Each structure stands twice: as C-alpha cells, then as structure tokens.
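In what follows, a structure is listed as structure tokens, so that the remarks can point back to it.
Just so it is clear, A, B, C and D label the chains in written order, and each chain counts residues from 1 on its own.
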Amino acid sequence: MKEEDKLSPWKNKLHEIIYEADTPMGKLFDLILFVIIIFSVILIMLESVKAIDAEYHEILFVLEWVVTIFFTVEYIARIICIKKPSHYIFSFYGIIDFLSTIPLYISYIFAGSQVLLAVRAFRLLRVFRILKLARFLGEASQLKRALKASRAKITVFLFAVLIASVMMGTLMYLIEGDEAGFTSIPTSIYWTIVTLTTVGYGDIAPITPQGQAIATIIMLLGYGIIAVPTGMVTAEFTRQNKDKSNDDEPGRYVHINTQCCPTCSKEGHRDDATHCYNCGSLLNE
Amino acid sequence: MKEEDKLSPWKNKLHEIIYEADTPMGKLFDLILFVIIIFSVILIMLESVKAIDAEYHEILFVLEWVVTIFFTVEYIARIICIKKPSHYIFSFYGIIDFLSTIPLYISYIFAGSQVLLAVRAFRLLRVFRILKLARFLGEASQLKRALKASRAKITVFLFAVLIASVMMGTLMYLIEGDEAGFTSIPTSIYWTIVTLTTVGYGDIAPITPQGQAIATIIMLLGYGIIAVPTGMVTAEFTRQNKDKSNDDEPGRYVHINTQCCPTCSKEGHRDDATHCYNCGSLLNE
Amino acid sequence: MKEEDKLSPWKNKLHEIIYEADTPMGKLFDLILFVIIIFSVILIMLESVKAIDAEYHEILFVLEWVVTIFFTVEYIARIICIKKPSHYIFSFYGIIDFLSTIPLYISYIFAGSQVLLAVRAFRLLRVFRILKLARFLGEASQLKRALKASRAKITVFLFAVLIASVMMGTLMYLIEGDEAGFTSIPTSIYWTIVTLTTVGYGDIAPITPQGQAIATIIMLLGYGIIAVPTGMVTAEFTRQNKDKSNDDEPGRYVHINTQCCPTCSKEGHRDDATHCYNCGSLLNE
Amino acid sequence: MKEEDKLSPWKNKLHEIIYEADTPMGKLFDLILFVIIIFSVILIMLESVKAIDAEYHEILFVLEWVVTIFFTVEYIARIICIKKPSHYIFSFYGIIDFLSTIPLYISYIFAGSQVLLAVRAFRLLRVFRILKLARFLGEASQLKRALKASRAKITVFLFAVLIASVMMGTLMYLIEGDEAGFTSIPTSIYWTIVTLTTVGYGDIAPITPQGQAIATIIMLLGYGIIAVPTGMVTAEFTRQNKDKSNDDEPGRYVHINTQCCPTCSKEGHRDDATHCYNCGSLLNE
C-alpha cells in the first residue's frame, strides 16, 4: 500500500463521519442530514403553494440559500475525504447530490430556468442513503428478495396487461369515439389502464351501451387479475417464512457494519474486516 | 391491606356492574350503555342533516340533553366506585368519556362553540371498551397479532410509498401545471396518492400526453405494490394457522374474565385470581 | 305408509321432472326454465330502457305476458305435485316464485304500481335453485366453507372499518364543511367509505389542505387494510388445500343425487336411499 | 414418406427461419418481426392522434404502406414454405395475420371503410407468437397453470358477482331513478359493477340517502369479495411452490425447442425428435 493512497488523519475522520454511521459522530451527522433533507423538501413544497410563496417569499428564499450552501459544503467535503473522488462523483448518489444542489445557482445565471428549481425535490432520494441502517432491520431486504424472486413472473404479467390494454383501448376507440372523450388510441389506452387498475377517474367514461358493456368486462378483468401479482408475492413471502424456520445452520450470516471503503465506496464490510472485499485497499479502523 | 384501601360494599357492587361484565347486572349495564352510545351517535348524525334538524330540532335537543345527563351520571359513578379515581380520569377512556360529555355544557357557556358538538361523535370510541368481550372471540387478537408481526415491514413499505409519492408528485407538478389542477407540489402529491391507492377521484386528472403516460406508470405501480401489504399479512396469517395446529401442549392458555382491578384498572385476570397481577391489591370476589 | 300420503303416478312423474334433475326430462325442464328466467330478466332490462320501450312496447308487453303465464302454470304445477304444498309455498324459493310472478297481475288491479314490475328482476334468484347441480362441482361449497370459516374475523374487521368510518367522517365534516360537498355527517361517512374502499367517485372531494391530508391518510389506510380480508380468506384456502391433500381415508364421501323428498322437500339424498333422511317418508324411485 | 410431401431445400430453409427460432437466422427474423410489429402499432396510434395526423399525414401514410407490404410478403412466404398451407391459413395466427394485413387494401376499394384501419391494431396479437420463447422461462406456464387450476372456482365466483350485480342494479334503479343518472336497469347494473370493482368513475353517483346507504353496502361487499379471487390464486401458487420443492424425481422434464412441424404446425418437439409427435411426418433437421 503506497503512502499517497492513504488519507490524512483528519480526512479519515471526516470520511468516517460523512460516509459511515458506526461512530456517535457519524450517527449525529446522518441525523442532522436527514432533518435538513426533509426540511428542504418541505421548503420546496411550500414555495410551490402560491398563497404561501406570496406572503413568505423572503423567508423561504433565505432559508433555501442556507440549505443550498449547507449541501454545497457537504458535497465538497464528500469529494475531499474520499481517495478516488471520481468514484463518488459519478456514482448514483453523487449525481443526485449534484443535481439537487446546483439548480439554485443555475437559476441565477439563466433567467427562466425556475422549472429546474423543482428538480431539488430529488434531494429526497438522498434519504435512502441515510437509511442504509434500515438494511439491518432485515425487513427491507426480505421485501426486496420477495420482489426479486417474483420479478420474472411480474414482467410476464405486466407485459400481458399492456398488450391487453392496447387491444381493449383500440376497441373502445372504435366504439366510443370523440364524444365520450376517446379522442385517440393513446387516450383510449390511458383510459383502459385507468379502468383496469380500478383507479377510475371518470374524466373519460363510456356513454354507449356497447362501450359500457366492454368497460364492464375490463373492470371485472382488472378486479380478477389483481389476484395474480398478489398471489405471486404472497406465495414468495410464505416460502421465505418457511425457509427461515427451516434454516437452523449456525454461522451462515455474519454481522456487517456501515463502514464504506474510502477508495471504492463499496459497503457491506464484515465487522472484523481490515481490507475492502472489493478492491482490497485498507479500510479505516 | 389497609382499611381505607377497601371500597364500601355498595361501591364494590357498583364497580362490578360498571367496570366488569361477568355478572348478569354487569352484562345488562354494558348492553344498555352500548345501545345508548349508538343511539347518541345517531342523534349527532341526524342533527347534522339540515333538513332533519330544521323540523325536529326540539326533539333532538331534548334527547341530546337526556343522553348527556346519563353520560354525566355514569362519569361521576365511574369516579366514585374506583379506589384511585386519577387512574380512571387520566386513562385513555377517561379522557374520551370526559371529552364526549362536556361539549353540550360548553356550548351554553361560550356561544359559537357549536363545532365542539361534533366532538361528541368520539363517544363511539367508547364502544371498544364494551367490546372487551370480543377479546374472547380470539379473532380480534389474532388480527392484532398478525398486524403487529407485520408492523416493521408495513412501516418500511409505507415509507417507500410516501417517498415515491413525493417524487412522482413533483414530477407531475412540473409536467402538468395549473391548468389540469396540479396547482402546487402538495396538491400533486395528494393526487399521486389518490392515484397510487387506486382511489381516483377525478377532481384532478392529467391532460397532457406526458402526464397521462406518467399517470399510467403510477397506476400500474399502485396496482402492483398492493400485493406487498397483502402478501405480508397473508403470510403472517398462514404462519399463525400452522403454529396453532402444531401447538398441542396442554395448559399454555388460561381462561381470563372481564374483571378489572378496582385499584389500578388492569384487566385480564385469571378466573381464579384473588389479587391483581399488576399492583397486588385485592380483587372483588 | 298410508295410501293418501302417496301421490298419484302422474303427480309423481311431474314431481320428478320439476323438482329433480336426474332424469333426461328433469334436466330438460331445468334447462328450459333456466333459459326462460334469463330471457325474462333481459325483457325487464329492455323495458326499462326508454328508447327501446317506446319503439317495441307492444312486443315486450306480449312477451312479458307469455313469460308470466308460463311462470304461473309452473307455480301451480309445483303446488299440485308436492304432498305438503305449504312446505313449498312458505319456503324461500316458494316466496321468491310468488313475488316474481304476481306483479304483472297487480299492476292491472292497482294503477301506479308499475314500480312493482321491477320486483320481477328477483326472478334471477331462481337461477340458484336450478344451479343445485353446481353443488357437485364442489367449488361453490369450498368457497362457502372458506367464507364461513373466516366469518368471525370478517365481522370483527367490518365492525372496526365502520367505527373508523364514522370517526373519520365526522372529522372530515368538521374540517371541510358544506362547500366541498360534506353537507352532513352521514354524507361524510358515505364519502369516507367511498375513499376507504378505494372506489373514489369524486362527486365529493376535499378541497382544503387539511382535508386532503386526512383524505390521504384514509386512502393509505384503505389501501393497507384490504390486506386483512384477503389474508384471512387466503390463509383459509391454503389450509383447505392442505387438509384435502392429507385426507386419504376412503369412503368418507358418498354420492348424492338431485332427488328431493316429495313430502318435506329436503335435498341431498344418497343414490341408494329409499326413504327421506329427514322425515322418513318414501322417496320416488 | 412420399416425395411430394417433402419441401424443396430453400423452402425448408425458409420454414426454419420464419416458423422457428433455434437458428441465428430464425432468431434474427423473429427480432425484426417483433420490432416491425411494435413499430406498426405505434404508427396506428399516432395516426389516430388528430394533431399528429394533420401534420405528418404523408409520412405516416408512406410508412404504413411499407409496413403493409412487408406483412404481405411475410404472409405469402408463410403460405409457400409450409406443406399444408390450409393448416396455417385457418389457424388462429393465420387469421390474425390476414385480418391485420388486409384493411389498408380494402380502404382503397371501398371508401368509408376507414374504421377497418383500426383493426390493424390486432397485429399486436402476433407478438405472442414470437414470444413462444417465453415459454421456456417457465413463468408464463406457471401463471397459466395457476389460473387454469382456479378456473372452476373463478367461474362460480364471477357468476355470483354477476347475479348480485343484476339484483343490486335493479334495486338502485328503483331507488335512485333518472335524476342521479340511473336511467335504466342496464345502466344501473353498469354502475353496480363500476362500484363493486372499486373503479368508481363518478359519472353516475347516488344522491338520495337510501341510495348512498346501498352504495355503501355494495362498496364494502366489493372491498371484501376481492379477497376471494386473490385467495384462490394465492393458494394455488403456494401449492405449486410446494409441489415443485417436493418434486425431486430426475428425468420428468425434457428439453423442447422452438421447432414446428412443417406439415401440421404442431410445436413443442423434443430436441432429439425426428418425427412430429402429432402427425408423424418428418421434421426438418
């Protein structure tokens, strides 16, 4: 391990605080970040309400700048305290961090880019990073496993639903026509999915007896086929429950912590790991 | 056990009637209370219907006073016949009893507090206390156990749904704008949840092709992810069914009655109990 | 067995045709009856469509009389060919038969009783009698068993849903008021159930931010608790499937036919039965 | 095997490309066909959007002719390279191919037959033929098996739902009448199904208190009985999962390919098959 590969002690410390959640400081940082993210998303929501924005525009504006500067500092800190900044910058969360911080600056440079401001709401995605702790609950991962196991079936199912929607939508377009709101085939397909999923806005609704008859069939179909994804996921959950109760071999699981490799940013290291299992570089103690 | 801790015989009797349901008198009292609560809630409903209130205002008014006085007397009786009244007064049901009895009196003192009158509908919550008998059916408790076991999973699920709704809502706000009813981000989020849960009022509905395309995705998503809570609860029920059929050890369950400690108001005593399992004070025979 | 207890041969024959479905004639009669019932229900539907009634009133009127006379003859035949007519007349199907036949006659005697004519739609209930064959499919009975086993749980569940609806409805009445359509507490409760069951007509919809926030909670609640009845019924079906596969003892089931006792009208006799298992009187061979 | 039964080598080659998907050429052909079908369906959709059709009518027209000619050539090729063309022409896919290719030609001969053009959307059904590969995923077939096993139960269920809808619809017609939109019994039945399946358009909605009360019952019913199909399908999936894990006998499954008999068009031949298992004629190597 070469000397230049090592981060200076304070950067190591910073890395531990910002990227990990095993030390009290790391936990505190995650908590503060969580609160500020939620707060900033509420700010964005309030700004979009015309009545509130009209009255409190000044305050909202100042608070937004405070939040943006905080995120800017955090973004720079994240780049500094990692050995290979490019790993962070071009990672999923790195791009999200950048996109959710930059809009306020851009809105100064280019007028009319106010629409970009709403992009800041993507900050909420950052919450998932903080919630990596949730992984330890084991619940989210069971959920994910169940969905993953049913993925192939769900794809086949969704594909069949889509084809049926296109066929039914075209049929309804032929039968109902412009008067009832079925102005084009894409609109009719949109209506079919609104009906099949039992959402039923009612902005478009059949008025001819034939149209209503076909709508009835679509509804009963939608009411019935909801059983399919439900059945698949449920069978999966039941199977997992059974597997878990059959699974008594000791030592198959190992406890992992929230450490994150300062070089390649991989997570999921064993508690007693000294080197990253992905790139082999030294982990912080 | 000191002498002042003991209730006088008639108070003991009253306690048995009001708080318990093992004697014929106790059962009769619960039944009467049940009927009066339902009756009083119907009264409140009728009062809120303008046409009915206009014609029968006098009768409704008198009946409401009769009910209120009955509840007042019951409230005072509950306080008198318990050893530590504060235990009742500040319990969940004590507060509900107070809040649902007081509004009519207040409406006399302060004009314009008619809104408070609707608070009386919370009387309905009192029905749950009477239904403690339902516990013996074992059904409600199985229901509760299944929901409790799935709680962690449901929380993770709800959290994911909420974050997705905020993201999607913001996106729709950007795409659709004021014309279609997406006047602010909170309104858009409201619409997203209306769509995701397949409620679909139709008061707000996308009109642009892009908006309708994203709405389609949200609907299919909502149609699909309903499988998740269903799957979780079902797997739980299936597991419970299996546990029950495997569970043949005798003596693991003991029959409990509706007795309720006159000192600390704890419920769930064994039929043969002479002292409260919580505070150790003597139970009524 | 006394002589007067016995039906004359041709009445015996008629009983076998009308009440049973084991002979070719009996099957044919059931089929004809099925077709006429469906046909008569379609007649009633068409009559209610103003445009069709205006043009084809004469034809519909004549056809309705033909059907009514057929049903009248059938009703009389059913009374004649049974030993104890009162058993049929006051049975569930006897009353349905009477109520669905009489309206046309009444509409002649009393003017303005046209509303009664729609009562004829209850003829459809008669289809269930003909479908007693469906019992042999075993499916309907499994369905019934699953629902029956879950009945107690479903009642507890429905009760909880209703109480929650009353509470939520009252709350929405307080928050939203007349402007949004929440004109009375019953109307608000109606809206709450429309929302909770994810139907969502949109004739009434919250317009204040607080109202929309509570509506959001109700929707998520409704989206979640649908898991409860589904979970219960599914667990029941799963259990039944397992029981069935464990159940290999021979001779536990016996084949029954559609014969029906000419005295007491009980059904479900064994193929080799000579006497009714209920009243002991002789069955037709 | 007689000489005239054999296809010439280039027809054999063509048959392999068009009807099968085991050779690289066959796979490529399927992929191209898939893309063109999807593309042609998008074309039809765009044509139906008035704004787009107005601007790009020329381009869409030319592209549609290109696609139609491609499909015509394909249709002729399919007839040529099969031993018994009638087997293809009158098969399900043969008819679909014909119906989805002919409309453009017809619209030239008969004016006013533009409606026929939308029939071209049925081209989408052809996608299923290409997806015969999906069979190998095993998922679609499990789905189909689960639905098939539950078919009898689903039929009984649907039948009960329909009868209940007719009864409820008639009742609502009597109660609500014209003002609320319940103009005829068929319309009322349509509304009942809209409500029972929790679609809830809101184009028709009860306005009288009695009507709203019955609507509430229908909604709760619909909310509850959705548990039935879900429960059935789920129990089926669970059973299949269990069967699969119990099924350890080797050699019960055999690998099949996408070959398709040049004589009778049967599919599902074993990899090592030399003769069709259906008609016994020689398969292409």
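Methods note: a contact is a pair of C-beta atoms (placed from the backbone, for glycine too) under 8 Å apart; a residue touches a chain by one contact, two chains touch by 3 or more.
For clarity, every value in this text was computed on a predicted model and none was experimentally measured.
Participant: From chain B, which chain is the farthest off, judged by mean CA positions?
Facilitator: Following the centroid criterion, the farthest chain would be D.
Participant: Over half shared or under half: which fits the residue numbers at the contact of copies chain C and chain D, same or different?
Facilitator: different
Participant: Between chain A and chain B, what is the separation of their C-alpha centroids in Å?
Facilitator: Roughly 34 Å, centre to centre.
Participant: I'd like to verify one number: the distance from the centre of chain A to the centre of chain C, where each centre is the average of its C-alpha atoms, in whole angstrom.
Facilitator: Computed value for the inter-centroid distance: 48 Å.
Participant: Could you list the positions in chain B whose residues touch two or more of the other chains?
Facilitator: 186, 198-202, 222, 226, 230, 232, 234, 238 - these are the residues of chain B that touch more than one other chain.
Participant: Using the touch rule from the top, collect the residues of chain D that touch chain B in their complex.
Facilitator: Contact set of chain D toward chain B: 198-202, 230, 234, 238.
Participant: How about chain B: which of its residues touch chain C in the complex?
Facilitator: 41, 44-45, 48-50, 115, 118, 121-122, 124-125, 127-128, 134, 137, 139-140, 142-143, 146-147, 154, 158, 161, 186-187, 190, 193-194, 196-203, 222, 226, 229-230, 232-234, 236-238, 240-241
Participant: List the residues on chain A that touch chain D in their complex, please.
Facilitator: By the definition above, chain A touches chain D via 152-153, 155-157, 163, 166-167, 170, 173-174, 183-186, 189, 195, 198-202, 205, 209, 212-213, 215-216, 219-220, 222-224, 226-228, 230-232, 234-235, 238-239.
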